[in-house]
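Each of the next two complexes has chain A plus one other chain: chain B in the first, chain C in the second.
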Partner chain A sequence: MKILVPVKRVVDANIKVRVKADGTGVETQNVKMSMNPFCEIAVEEALRLKEAGKATEIIAVSCGPVQCQETIRTALAMGADRGVLVETDVPLEPLAIAKLLKAVAEKEQPGLILLGKQAIDNDCNQTGQMLSALLGWGQATFVSKLAVEADHVEATREVDGGLEVVKARLPAVVTVDLRLNEPRYASLPNIMKAKKKPIEIFKPEALGVDVTPRVIVLKVVEPAKRNAGVKVPDVATLVAKLRTEAKVI
Partner chain B sequence: MALDADTRRAMLERVERFIREDVAPEAAAIDRADAFPRALFAKAADLGLFALGVPEAYGGLGRDIETPILLSERIARASAAFSLSFNNTTDAAVPILDAAQESIKRRYLPAIAKGAAIPCIAISEPQGGSDVASIRTVAVRKGDRYVIDGRKMWCTNAPVGDVFTVFAKTDQAGGHKGLSAFVVPAGTPGLVVGPAEPLIGLRGSPVAEVVFDGVEVPADHMLGAEGDGFRLAMLTLDESRLHCAATALGVATAALDLALGYARERVQFGQPIIRHQAIQSLLARRASELAAARALWREALARLLADHDRPASAYAGMAKLVCSELCMAITVDAVQVFGASGLSRNGTVERLMRDAKAFEIYDGTSQIQAAMIGKHLERHGLPFV
Partner chain C sequence: MSVPFINPRDVRFVLHELLGAEELALRPRFAAHDRETFDAAIEVAHDLARDLFLNHNRASDEREPRLVEGRVEIIPEVKAAIDAFSAAGFLAAHMDAEHGGQQMPWLVSVACMAHFQAANVGTIAYPFLTMAAANCLNAFGTPAQKARFMTPMLEGRYYGTMMLTEPQAGSSLSDIATRAELGEDGRYRLTGTKIFISGGDHEMAENIVHLVLARIAGAPAGAKGLSLFAVPRFLVDADGTLGPRNGVVLAGLIHKMGYRGTVSTIIKLGEAAECVGELVGPVHQGLACMFHMMNEARIGVGMGAIMLGYAGYLASLDYARNRSQGRLPQEKDPAKNQTPIIGHADIKRMLLAQKSYVEGAFALGLYCARLVDDKATAPEEQGRREAALLLDILTPIVKAWPSDWCLEANRLAIQIHGGYGYTRDFPVEQHYRDNRLNPIHEGTNGIQALDLLGRKVSMAHGEAFELLLREILVTAMTASLRASLSTLGVALAEAASDLRATTEALHAARDKGEVERFLANAAIYLEMAGHIAIAWMWLKQALLAEEEAADLGLSSSDRAFYAGKLAACRYFFAWELPKTRAQGELLRSLDTSCLLMEDAMF
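Showing the complex of A and B:
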């Protein structure tokens, strides 16, 4: 079974994100970019499935500018077998990415698509669900434990108030949560070996997908600064302030 | 295989993460315990850090001078002692890979690349370090073996060393031309490693005395031929000096960064102390000097890589001299900026100040650097293009 793992290039989790001066988005020029941490967990899970003999090949796919190759190389250095880049400079929305991934899935015919549940940049949490609907495959989202059997997956999902176990017939789309595993780091020898692994490059047009944005971003602003709190001398003052200033009681 | 820019960047980013997540949290504990960090060394080995200096034919990633030097600076920002453990392992393998017989290379280099064997060099003696011609340790041929007798001092990694490269006289009257080098595995009868010397800085990067008392090695353990010792001792000198400069720059950068952070936060007389001109001027000057030192180090590295000629050697010496002395000055200033907190053993800057002193001393003291640079000036003039 092949596993397709979409990986996204995002601003590194250790970077303090800044809003661009013109309010059109966040600054990504000269900012360290890395693989979305949830995608790392998806890659790790795929690698473990391959090591357990449940999968034969892992294909890392990324959609976006040419620099996304670096993100694919990271997946290859972790142990993925080959990469696919859908190259475009158009800003991609979840629906466009889901359509591109559907086209790649139709070419590659994977038995399982493993994705991060969301990306840490825009927190959309949509791509996996949209992809499952477009393909007409079953889905399991927010997965914190995964067992892959011959014709189905059994997935433990983190839901409000507990854990839910679902079964989905293969092929399926699974989006992974934080607690599924701890991703490995690529060793330096594997980073060098990754250089020799192939990356295929397609344009969205070649896949027959229209990626034109459907949503217009009006403005991006920084969160309002939170003012410093005050210390009150006693409970009576607190109650008075809650009543007269905060007007919550 | 030479590294392309993308692969090197990917490796540096990977190592950055290792430094942030594994080295930095251990740095204070390594200093306090003054013990070689075995577990951290093993993690670095898994990462492939020690494969960087070794050719692919022996299980390494290809001999690459630049990447380990760049990494030394990065690691030193978190832990100078661990940076030294790293670059000593890389440097100490060089005489073996340059001059050892094939069977010896096959025996030791793959283990060094994997981090399974720690190499170390025994060259300095009680009566002389930089003056290698005065070495008194002798190696006498006896049939198909050599017998080595003498005392070595300040051998980095000796207490944890698995394979020693020892420099000894095979011709006692021959001055530096009488010097030869031998590979001696730890555990060879007569090889005795003393206890780790307690040092004020770089604690956790152990140094010790090594005694050779009738140590016998097969003749094939000689590196190159009799008399090749001086060339081998000098082989990595310029590279080592740039490693030392890199480590000093890393420590200086960390110290200045900590001082700057403190100066922005610490409020006295109603404003952050960075707005007090005395502190502002001090930080501004030190940042400028550090920028200049970094530029010198980069140029020295570029010259070493492009064309390892005489001016490149002079530049390596200048970079070592300037970076190590600036590191000492900046770490002292950093303690000053922190005021009383700078003196606390619970803080970080005092460790950086203690670590800094060694850079003016090992791999040739500042005085030796100045003498070598001076000799170059006298004979060849200024090394500028």
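Showing the complex of A and C:
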């Protein structure tokens, strides 16, 4: 079974994000870019499935500018077998990415697509779900435990009330949550090996996908600064304030 | 979000823009590499250092290794970090492919190591010592010794140490008293006491292999009678199986000011049980074998000092940006908000001083690492020879100057923190304590000064010294032809000619037989040469920064980065380089204030 793992290039989780002075977005120039942490977990899970003999090949795929190759290389240095880059400088929305991934999935015919549940840059949490609908495959989202059987997966999902276990027939789309595993670091020998692993490059047009953005960003601003709180003398005052000023009770 | 411990932008600047790491990949030894593999290695080093080394830097200081029922107990985070370091392939990164290495250039390996040194110098010391011991075995071990000792070291299973110092023989290695007797079985039995042995005993590794300097019975006195032995904690059979415990026994722990994560031990050899050692390299050539690796080890110590200074600089920079205190002199309204202290002139002074010391030294440290590569792999014989000479003369400087001046940076980092800097709630006091070791070990700075003035300056008929001056003058000339940097170029050329005149005056004294006077003020000579070398590195950086800054498409952060490089260069030339004039004058006067002091006069 092949596993397709989409990986996204995002501003590194340890960087303090700054809004661009002209309000058109966040500053990404000269900022450390890394693989989205949820995608790392997806890669790690794919590697473990391969090590356990449940998968034969892992394909890392990324959509975006040419620099996304670095992110694919990171996946290859962790142990993925080969890469696919859908190269475009157009800012991609989740639906466009889902359509591109669908086209890649139709070429590659994977048995399983493992994605991060969301990306830390815009927190959309949409791509996996859209991809599943476009492909007409079953989906399991926010997965914190995954068992892959011959014809289905059994996935434990983190939901508000606790844990939910679902089964999905293969091929399936699975989006992973933080607690699924702890991703490994790339190693120097694997970095060297990764150099020799192929990365195939497509343009969206070649895949027959229109990626034109549908959302217009008017402006990006920093969140409002939180003002200092006030001390109240007793519970009665607190309740009164919550009722009359905050109007939350 | 943790406090930054290294500046990835500066790493990129020095590695690629200043030192052209990429061109190394054109050489056959590094042909498998390119910029991508270098950057990927740096990135893994950065993430590992941040996640698994920085995380317990304070904990291993507060809970230093201790003796529990005769065994050394070390907090578990240390071994976890070293195992991850080893699994990522860093132990063997620079080694030949045949030994499982990646043939990474030394330059890139040193840049990777810098991240770990900045994050946790106490933990990285164990791999550092192991890699040094493996290098030594690689150069002088027999094939059997390499298979039995070096290979498991490179796999992270065995750790290594260096055992030189004895209670009566610290700086004076020629007085080493540990004895080695050749047995009928062809193996040696060692007896003696070693002290200040870092990583000398613990339970983290399957085995520890000590490289021990000892004197074979009947050998000549002095340094030329010392031989090198591999002494494993557990004996190792021909097929690599672990045998019984060897008679190399922990006699006590040393409780240090800093660097506490690295256990420092007193070790007895052959006291209760016999201590078996194997000769490494030729008889009576032990010191030469050990010193074969000394350039690399001393660059390593210099880099450790630099990275502690660097981490302190970044911590104090972060603090100065976030701590508000007082108002600027022109603001008289006490109701106005306080200003972040980075707005105060005196804080900026202390930040800029630190920046000039640590970034200047960082460039010099990596420049020397690049010389290690050039010495072995430069395409032309002349290139290799010149790199070797430059490396020889710069080694005492790159060890000693940063260990004095990046320690000074740590002092300023504490000062910027005010009272908080003196508490254990902020990292800067530990940086200072950790860094205080560096002027002392791997040859004290006093020894380095004697090495520079007494040996390196006149070695190969002064060729290394001339070569260094030539390189400095090339940079000075280039700058002097550029209007914006011409005064700096002229200043560096003058300082260099001052150094030449000073050296000639000292040599004249030596040639008249005044050897004591010639060497008496060597420490100042090293400081003068160090300041000039750092000024040279700054001018190189400034020349480059000015070229890069001309690019109109630069981002605002890059623009600020290059402007910062130019400002720090100007600072160093205005505030620090002029000190060399007074140093030169003092040295040329062959001042005897210190030399003529007598014991009773103190």
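Note that in this section the second predicted complex is superposed on the first by the 229 of 249 C-alpha atoms of A that agree within 3 Å, B and C clash if a C-alpha of one lies under 4 Å from a C-alpha of the other, contacts with A are read in each partner's own complex, and residues count from 1 in each chain.
Basically, contacts are C-beta pairs under 8 Å (C-beta built on N, C-alpha and C of every residue); 3 or more make two chains touch, one makes a residue touch a chain.
Keep in mind that what you see is a predicted model, and the values were worked out from it rather than measured.
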Touching partner for A:Ala186 - first (chain B), second (chain C), both, neither: both
Touched partner set for A:Lys195, first chain B, second chain C, both or neither: both
Which of chain B and chain C A:Leu242 touches, first, second, both or neither: neither
Partner chain in contact with A:Lys16 - chain B first, chain C second, else both or neither: second
Contacts of A:Asn30 with chain B and chain C, given as first, second, both or neither: second
Partner chain(s) touched by A:Arg73 [first = chain B, second = chain C, both, neither]: both
Chain C-contacting residues of chain A that also contact chain B: 14, 32, 70, 73-74, 77, 185-189, 191-192, 194-195
Chain C residues within the chain A interface of the complex: 1-2, 8-9, 32-34, 36-37, 40-41, 43-44, 47-48, 50, 84, 87-90, 93, 102, 104, 555-558
Contacting residues of chain A [partner chain C, same complex]: 14, 16, 21, 27, 29-30, 32, 70, 73-74, 77, 185-189, 191-192, 194-195
Touch list for chain A against partner chain B, complex: 14, 32, 34, 70, 73-74, 77, 185-192, 194-195
Contacting residues of chain B [partner chain A, same complex]: 1, 3-4, 6-7, 10-11, 13-15, 17-18, 20, 46-49, 51-52, 61
